[in-house]
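By letter and in written order, the chains are A, B, C and D; residue numbering begins at 1 in each of them.
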Amino acid sequence: MHDIVLVGAGRIGRIHARNAALNPRLRLAGIVDPMEGAAQALAAEWNTTVTTLDDALDDPAVAGVVIASSTDTHLEYSLRAAAAGKAVFCEKPIDQDLARARSAAAGLSDARLLLAFNRRFDPNFQALKARLDSGAVGPLESLQITSNDPSPPPPSYVAISGGLFKDMAIHDFDMARWLLGEEPVEVFASGSCLVDPEIGKLGDVDTARTLLRTASGKLCVISNSRRSGFGYDQRIEAYASAGMVRADNVTESTVQVWGEGGASADRFQNFFLDRYAEAYRREMDHFADILDGAPPSVGYADGVAALALAEAAAESARSGKVARP
Amino acid sequence: MHDIVLVGAGRIGRIHARNAALNPRLRLAGIVDPMEGAAQALAAEWNTTVTTLDDALDDPAVAGVVIASSTDTHLEYSLRAAAAGKAVFCEKPIDQDLARARSAAAGLSDARLLLAFNRRFDPNFQALKARLDSGAVGPLESLQITSNDPSPPPPSYVAISGGLFKDMAIHDFDMARWLLGEEPVEVFASGSCLVDPEIGKLGDVDTARTLLRTASGKLCVISNSRRSGFGYDQRIEAYASAGMVRADNVTESTVQVWGEGGASADRFQNFFLDRYAEAYRREMDHFADILDGAPPSVGYADGVAALALAEAAAESARSGKVARP
Amino acid sequence: MHDIVLVGAGRIGRIHARNAALNPRLRLAGIVDPMEGAAQALAAEWNTTVTTLDDALDDPAVAGVVIASSTDTHLEYSLRAAAAGKAVFCEKPIDQDLARARSAAAGLSDARLLLAFNRRFDPNFQALKARLDSGAVGPLESLQITSNDPSPPPPSYVAISGGLFKDMAIHDFDMARWLLGEEPVEVFASGSCLVDPEIGKLGDVDTARTLLRTASGKLCVISNSRRSGFGYDQRIEAYASAGMVRADNVTESTVQVWGEGGASADRFQNFFLDRYAEAYRREMDHFADILDGAPPSVGYADGVAALALAEAAAESARSGKVARP
Amino acid sequence: MHDIVLVGAGRIGRIHARNAALNPRLRLAGIVDPMEGAAQALAAEWNTTVTTLDDALDDPAVAGVVIASSTDTHLEYSLRAAAAGKAVFCEKPIDQDLARARSAAAGLSDARLLLAFNRRFDPNFQALKARLDSGAVGPLESLQITSNDPSPPPPSYVAISGGLFKDMAIHDFDMARWLLGEEPVEVFASGSCLVDPEIGKLGDVDTARTLLRTASGKLCVISNSRRSGFGYDQRIEAYASAGMVRADNVTESTVQVWGEGGASADRFQNFFLDRYAEAYRREMDHFADILDGAPPSVGYADGVAALALAEAAAESARSGKVARP
């Protein structure tokens, strides 16, 4: 049983609080949030107390810190927690600025830091990777990652999001690296504003295609849109020498209606917290592994590498030229 | 190249005319129909002539006769064609009366007679049987045959149809025998009038379930309705000791629409002539095999056996008791 | 927050303990089990204490009792708990003996008793019922319930199980009643021993088909086997006047492998505790509703009615005749 | 009934011969092929005669010419047939050389020329386009075209093929134009040799991704490989503002096997002549429309435009830069 403290009582923080509280290997020892009401409500819900980051880092009983605060604090809090000898669970992205993220290497490259790319913990994508790793379809050759949100965020969110590539596609860059088993060396991206003109006014795109190429010539296409029109569209197709493995979207139930128009399946899951509920549970469980001594399966260097790809994609979309991460 | 004559220029006769005319091993040498206009139109369409059954049977150049006339003529014409030494392609059913069908044994049991249970020639059901015969899933144990029409026929058709069990389920009794590899020895059926009260007034049912049991205890359920509400519903599930093989419905295309309500497939094929177009082609090709010397894969005895099951089912539905074919 | 006590620390009891402990509206106030070790281990796991049924019924703080002990105690414990004024969550079946179950009516018909037919709480079957209830496909006409276990239980279990109809099909009889909205008045069943000869030696069957018929002529087929060969096979097809609603099996993930042999989906869920994990959670949540004052959605009378159908089916399978529940 | 002459008795010529011969609106009046044996065999099969292109063009009874000869003759024969006043059915591509193809504009832009991009006539892709055109999912925004062969051709074929982009992807460029409803103005392509090193030695690629962008910002990705490992992989996903329409691969039957490993569908169709059998039939039927006076739905200009995109893609794959068609 490891004591951990959660920093951030917002939407994603509440998910982590629940998963930590229900994990038999973890004890949720405190909640930190500048919004006192939010911290207190969450602490009450899970029968723990409100604390501060300083107190938590000073407390030798606290073994780990979960950082689910705003993006601009991820790097600083991670560095402080690592310096205090705590294991770190840090929400993605590690930072929005690649240079700053890279400069933290001294403080973080040896840290027991789990960078919470939740999709690596999704049962469907894990099953896909297991099939590939089993060798059943031969070596991977190319990859199609489809990652579309159900509907666009408000422009106010877009304005501080870091842009589609760093905010949304960063998950897909991490998936690409995870599955390709090789670093992309060339990035070409093309983006458009087709969904919401307000997004374009903010200098961002809402629809994009990104083409990654590794040194050995493996190819990966990432398709992103801020709006699918039908739900949370999260799919992967992995072409290998002897076949293809794919992970499909998740529906709300197995029910179908067969009528004059044909067979209609149930709706696709629409909300990322539903779609990835099990992934969030599993990544928290992996944090317990780390507190037990296991190395993080995804860490600081992965956060930097995904960010580098995101910056390269954004640069390519601007310049119309191939960029290198 | 074998000369054959078609008797019957109605809906199903036109299908057989086309398949015979386009089969490189057959020559459609004549059309017989009491409705002169129908015979002439069909003969013109396929560049052949109108003839009579007498002339066709007398003509030594005619090797085979396709009987697609009204049901009450099937038995008589088959007997005459067999007596004249012709190979016979006879539409199902062999007759509506079991005693009469059985009494024809002397004239037909050795005949080169193909009884046209078209579903045996459907590529999907053939693929299902091939999987079972391959042994990949072990011996068959039980069977679910679903066979629902898109929408009910007019009461005028029902009145002369012989009733749901002889008219519609007779195909399913044949499929059951074909797949079970063993004769059903007990039949229990329950029928209702849920679709069209006019059908009930005619003493018939429009919805039924029939349970067949073989001597070794294999079980088969046949589900019938005159109206599915969504298309032509023709499915089979075959449970074997190491798994299950199933054949599903056919859609009009592979297109799906993914929208807010979920994924919608294209419509199911609705019309039996579309659904079984390839089956009709293949059964005509099998008639060419027979003319080349092959034994019929399904013949007179199969027609009688299916009719016996249909009569037993109708009797069981009336009496509420198990019947024996 | 309602205090409840769990009776029975076996496999299903442990599921209920977990769901009660994690439900924010319930407090697991004690565990009862004659096997002291099992009770203590489960109490320790969920931070509660071991108690006795007598003490629990005497304790005014205990609002509800969850009965997950052996089947032969269900009726007695339910009566005692009801007499003590407790709300009752009773595992299925209410009893194996119909006469005995009926004779308990005086003590139980007004009880706040939830009979735990878990499938009514499965999200897939609930979604199916919601579609039917919405009227989108018109009134229900016939039903196909498929309910096959992955592999047969040991003969020692079969010997005390009450037989396939009472042990396994009882769930399906409840589903049939729930969905038909009308009581079956005729039952015909046919059973075979095709899976394990030891089951036959015990006088039981391992494969069965049961045909139910309501007064208005609605038809329902239940297909049961102790072994599917491919996983936990739990499906429903509900035919209505304007189409069909179906709930399909659940796979372990959305992953497919596309290879030379075609597309292969992931395995079907194999274990009932996985397949119905959410159903168990929801039925415990419904017990909290009852403790809050809601009427049970499924209770004593439903347990008796399902048992009556199971007895009728067993009788029909023996006699070869239609039976009435 | 229009008389047409077929030029080319090779594999694709034989398909066109069959479809012309079986089309009630066409009469196959002659076969032209420098390989006399091939011409005679095909003429015999369909009961027609061997002729020469000169004779055919001189014969006023000949209304149309089907050009299914080698690619290097397409342009010349089309020009000659058009000059002779014949309607032209020309196999794709119009030529391998863009400049030459463009220079033929004077002779062909007004010709009644059907450029045989067969996929436009596939029932699945037609159904997809019909859904888009119906407006049911709003305006198209982006497109994913997947087009992989089952297995690579021999290097000898690759050597004369014109390269992956002109030989294989040209179909996809035409599909993109057909569906986007707008011309792509930017092309970025990346190609690799991952399947067969011999293809690389010939200076070609066997795996590629191409990204097209239209003036309004619509995006299209084309995925190509010379080897899928599982069959003929021909799929489209069309994202629109209110959902997505997709056309999936075609399986050999609807049969599934459910076993311990899960559900396995039947194999995917493997051979392009099977997959597009109906498309070939429909495009020949459209040639009959043209002979009846209808304008070609796809013609010379489409052939040039697709070729321009193929050249741009090949150039981009060489240079690593965006190219313009």
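As a convention for this text, a contact is a pair of C-beta atoms (placed from the backbone, for glycine too) under 8 Å apart; a residue touches a chain by one contact, two chains touch by 3 or more.
The structure displayed is predicted, hence computed values, not measured ones.
Between chain A and chain C, the least number of touch steps comes to 1.
Contact count check for A-D and B-D (C-beta pairs in contact): higher for A-D. Seen from the C-alpha centroid of chain D, the farthest chain centroid is that of C.
Put simply, the C-alpha centre of chain A and that of chain B have 57 angstrom between them. Per-chain Cα centroids separate chain B from chain D by 39 Å.
Across the assembly, chain D contributes residues 137, 228-230, 242-244, 252, 258-260, 266 that each touch 2 or more other chains. Shown here, the protein chains touch in all possible pairs. Residues of chain D touching chain A in their complex: 137-138, 141-142, 144, 146, 148, 186, 188, 190, 192-195, 207-209, 211, 213, 217-219, 221, 223, 225, 227-230, 233, 239-244, 320-322. The part of chain A that touches chain B in the complex is made up of residues 228-231, 251-252, 258-268.
Contact residues of chain A toward chain C in the complex are 22, 123-124, 127-128, 131, 136-137, 242-250, 252-260, 266.
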